[in-house]
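Following are the structures in question.
Two complexes follow with chain A in common, the first pairing it with chain B and the second with chain C.
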Partner chain A sequence: MSAIYSDAWYDDMKALINGSPEFRKQAPRQRVVMTLEVLGDGASPYVPQGQDVHFLVVLEEGAVQEYRPLPERHDGKGLGFRFTAPATVWESIAAGGVDPITAGLRGQIKIRGDMRFLMQNADAVKILVDLYGKQISTEWPKGKPPYG
Partner chain B sequence: MAMLSDGFDAIVIGAGHNGMALAAYLAKSGLSVAVLERRTEEGGGLCTEEVTEPNFLHNLHSNYHSLVGICPVYDDLALHDNGVEYVHPAVQMGSIFSDGSALTIHTDMEKTAASFARFSRKDADTWLRLFAEVSGYLDLMVRTLMYAPPITLRDITRALASWGVEDKSEFLTARLRSMSVADFLDRHFENDRIKAMLAFHAAICAYQPHVPGLAVTYPVLLGKITNWQLCKGGSHRLAHALMRVIVKAGGRVFPQVPVEKIVVEGGRAVGVMTPDGFVRARRLVASSLDVNQTFQSLLEPGAVPARTLEEVAGVQYQDASLFNVHLAMNGLPRYRAAAFDPDIDRAWILNLGFESLADFEDEFASVRAGRLPAVPRLNAAVNSLYDPTDAPPGMATGLLRVFAPFALADGGAEAWSREARAYGERAVERWLGAMVDGGAGLVRRWITETPLEISQKMINYRYGDWMVGRIHPKSLLENRPTQELAQYRTPIPGLYLCGASQHPHGYITFAPGYNALTVIAEDLGLEKWWAQV
Partner chain C sequence: MEPAGAAGSAPKVVLEAPDDASGLADMLSQFLEQTVTTSARKAGSARALRGEVVFRAQEDDQIAVRISFQGDQIVLTDLGGATLPGAPTIQGGFLAVAHVTSGQSSPFGALARRELTVRFSPSQLPFLVRVLGLLRLEGEAPRRLRLAWLSLAMALVATLAAWLWWSR
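Our next item is the complex of A and B:
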């Protein structure tokens, strides 16, 4: 178990995804670069208000090639998708308390990129969000959502 | 300045909003671009003219712009910095019913719910839940279903099933694929008038309420119900802004240059023939004309595969056009129904005549039979309520629209010249009849515009079809206009389609032009400066 947003947590996530035979079976073969943007919202104890956490996920050949934090917001070059949400939303998903698809439907996660690709790879997307939301084992040193 | 004889990297046929938007993006990408337009003015359906009296500005075709702030083109091309200004009417639309009651839809959903609650508390609550749900995914849906080349309905429904959306949503279900808008409304609402109001909104977007399968797109429509906006100074201002962007980027728009032929050499589109001679297109020709004109009139039959021509010949158009009455008025209308709901006097768009879902069935059955009802059901708009610059001080313009057949049962399309004045009188009388004192002294002058006249002026609107192709599940997404042509490419390399025959459809969406751009950018390897993720 690793602390949220720690290097080990990103490594755990990568290993978890790559260890999923279902994901390897369904994942697209081409290179897909995504960034997740975690916006400090005043409620999360991990991302102060006004600050952001960014991380990069690169998929290729049916596996995660990179899953790492970024020092700053991705400039968009070569980027396929940008997922943006308040920290509380991301952390609630990681804690298994919020369903990511529901969060997307409610507009809590802003998605930029070619939605057609996500729809055409719907099964892989489903596996990915399930892994993120239900199977990653996370340590919450400053408390776990929902936050008071 | 580039001359026609110099040739261009890209030639766009037709200066409607889709063609001009595509030209603007390409010009800003560094291509030399020419837009060739048959008429004397750019804009296509963005057509504002003083057809009644001087200084009364009438939008002859495009009047409602519901994608401002949603469509990426406005920001990408900085249209607001190039002369476009929009007004967002607080009371978007309303209905006046025969018993003197009225419903209003506001930009403020709480006010809409309050109006609905006077007819049904349950429906008002349903409405708030529905609108809240749709608002959550509207952006995603619009980007997926409008501002991207189409994917198949099968892919969409498979994805929604895989993601378990049906379990997470009250209103999105797989059954929408087989349901009509009327079915959807019957399923979720109880009050006839509320259902009629919401069906009216779909109908004026050309989504006939009883067509099976159209419920699948209804959430996108509903999400925009508070976003109907009015182009200040007339819709044609938007065309001017597009032209300004093109010219600033080094492109050219040539009015009164009709394209007579698309020239194909060695199987590739290499230019166009005009009355002034051949104009070379070094990289591409994009046609924003309807698919029938493009393939049946502008291309030699030998240049097009027989199967393509056969499928184009089978493209279907809407079976309902519009009969328009444009009015110059001495002031703003005041309705008797304001005694019930004072906001009805401020409703930009008005339903007068549709009181139940059955009324729509009756209306479109009459239209399909080529009949004109004795009492027209109206879609009325008073732009001056929110843009007083479109008329002299203290006066107003008005627009009445009635769903109408292109060809009348008795005499065909030509018979409109015989019927127009009398039918216009019936439409005006019906409207005035809803007003205080019968609208005495309000109307100065009015003129009619029949489906035949619409199609003659706007030749893309075949059979008066302002959507340039029927709105039907078999003619949407990957089937529009045909499966082969749905991705904006054609069997002729170098020739693209960017007009409203393409996905998603007509209206001021910019989507066919924007999606054609996506495909062209891929084929030409252009850097997508406009699509930064």
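Our next item is the complex of A and C:
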């Protein structure tokens, strides 16, 4: 059990994804660097308004090599994808309350990157985001979404 | 992949009201722009297209995007829950659309499995086939799928010819 955005949570997420045989089967072999940007929206008790949380996910050889927080926004060098959304959206996905694919199609998550690569690896993307939404072990010390 | 340029410049891809765009419109816009700017063949195909097609998300029928092919530009507009009478419509889930565009599955198989739903009139068939061909990633279609496309094209020509003959 680890609290959301804690160091242990990032390690747990990495282990969760790498423990998925489905993901290992579908994941691209080449190196893919992406960043998730969690924007404080005034509703999340974890990311204050005006502050952001950034984390880095690096895939290579069909596995997550890095899943860690970044001290600041990624500068874009060597970056394959940037996923940006308000904290409430990310946390609602993490709590299993919002479908991540639908959130992406609605524009609640902004996606920047090579869409052709995304299409080619859609199965891996689906598994990855589904795993993100099925973190039954995540702790919510300040309360779980939906936020009142 | 050959660079764009030899067959003329790539058409400009315009996303209307980008700040309020749905994710589907935004992703389709990026996909089309990346497609026509990295392939002269695709750029030429896109420039030759005239007409409109609607993509509707299976996950949420309040998400639909009109793509208007105007030669020198491709304009994407969010329709929300509105319909566009007379325009061909393709509806499918994210995975189904991704599998078809990346060549991992045949459009006919997706139609047969009802993963994709397509609404069109007979006269729109050639346009629709060309749009689907534009959206399909280069080098991804295995030989059997290319044969399937050829078979479809021949079937469409035969259908169109029969329809024209009957409507005389």
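Assume the second predicted complex is superposed on the first by the 146 of 148 C-alpha atoms of A that agree within 3 Å, B and C clash if a C-alpha of one lies under 4 Å from a C-alpha of the other, contacts with A are read in each partner's own complex, and residues count from 1 in each chain.
Criterion: a contact is a pair of C-beta atoms (placed from the backbone, for glycine too) under 8 Å apart; a residue touches a chain by one contact, two chains touch by 3 or more.
Predicted model only: the values in this text are computed from it and were never measured.
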item: Fit-or-clash call for chain B and chain C when the two complexes are aligned on chain A; value: clash
item: Touching partner for A:99 - first (chain B), second (chain C), both, neither; value: both
item: Chain B versus chain C as contact partner of A:50, first or second or both or neither; value: neither
item: First (chain B), second (chain C), both or neither touched by A:21; value: neither
item: Touched partner set for A:107, first chain B, second chain C, both or neither; value: both
item: Chain B versus chain C as contact partner of A:148, first or second or both or neither; value: neither
item: First, second, both or neither for A:120, with chain B first and chain C second; value: both
item: Partner chain(s) touched by A:76 [first = chain B, second = chain C, both, neither]; value: first
item: Listed stretches 220-228, 346-354 or 454-462 of chain B, narrowed to the one that overlaps chain C; value: 220-228
item: Overlapping contact positions on chain A, where the chain C interface meets the chain B interface; value: 99, 101-102, 104-108, 110-116, 118-120, 122-123, 126
item: Interfacial residue positions of chain A with respect to chain C in the complex; value: 99, 101-116, 118-120, 122-123, 126
item: Chain A-facing residues of chain C, complex; value: 20-27, 30-31, 34-35, 57, 59-60, 63, 94-95, 97-99, 101-102, 104, 137, 140
item: Chain B-facing residues of chain A, complex; value: 76, 79-82, 99, 101-102, 104-108, 110-116, 118-120, 122-123, 125-126
item: In the complex with chain A, residue positions of chain B that touch it; value: 133, 135-140, 143-144, 148-149, 151, 155-156, 158-159, 162-165, 168-169, 532-533
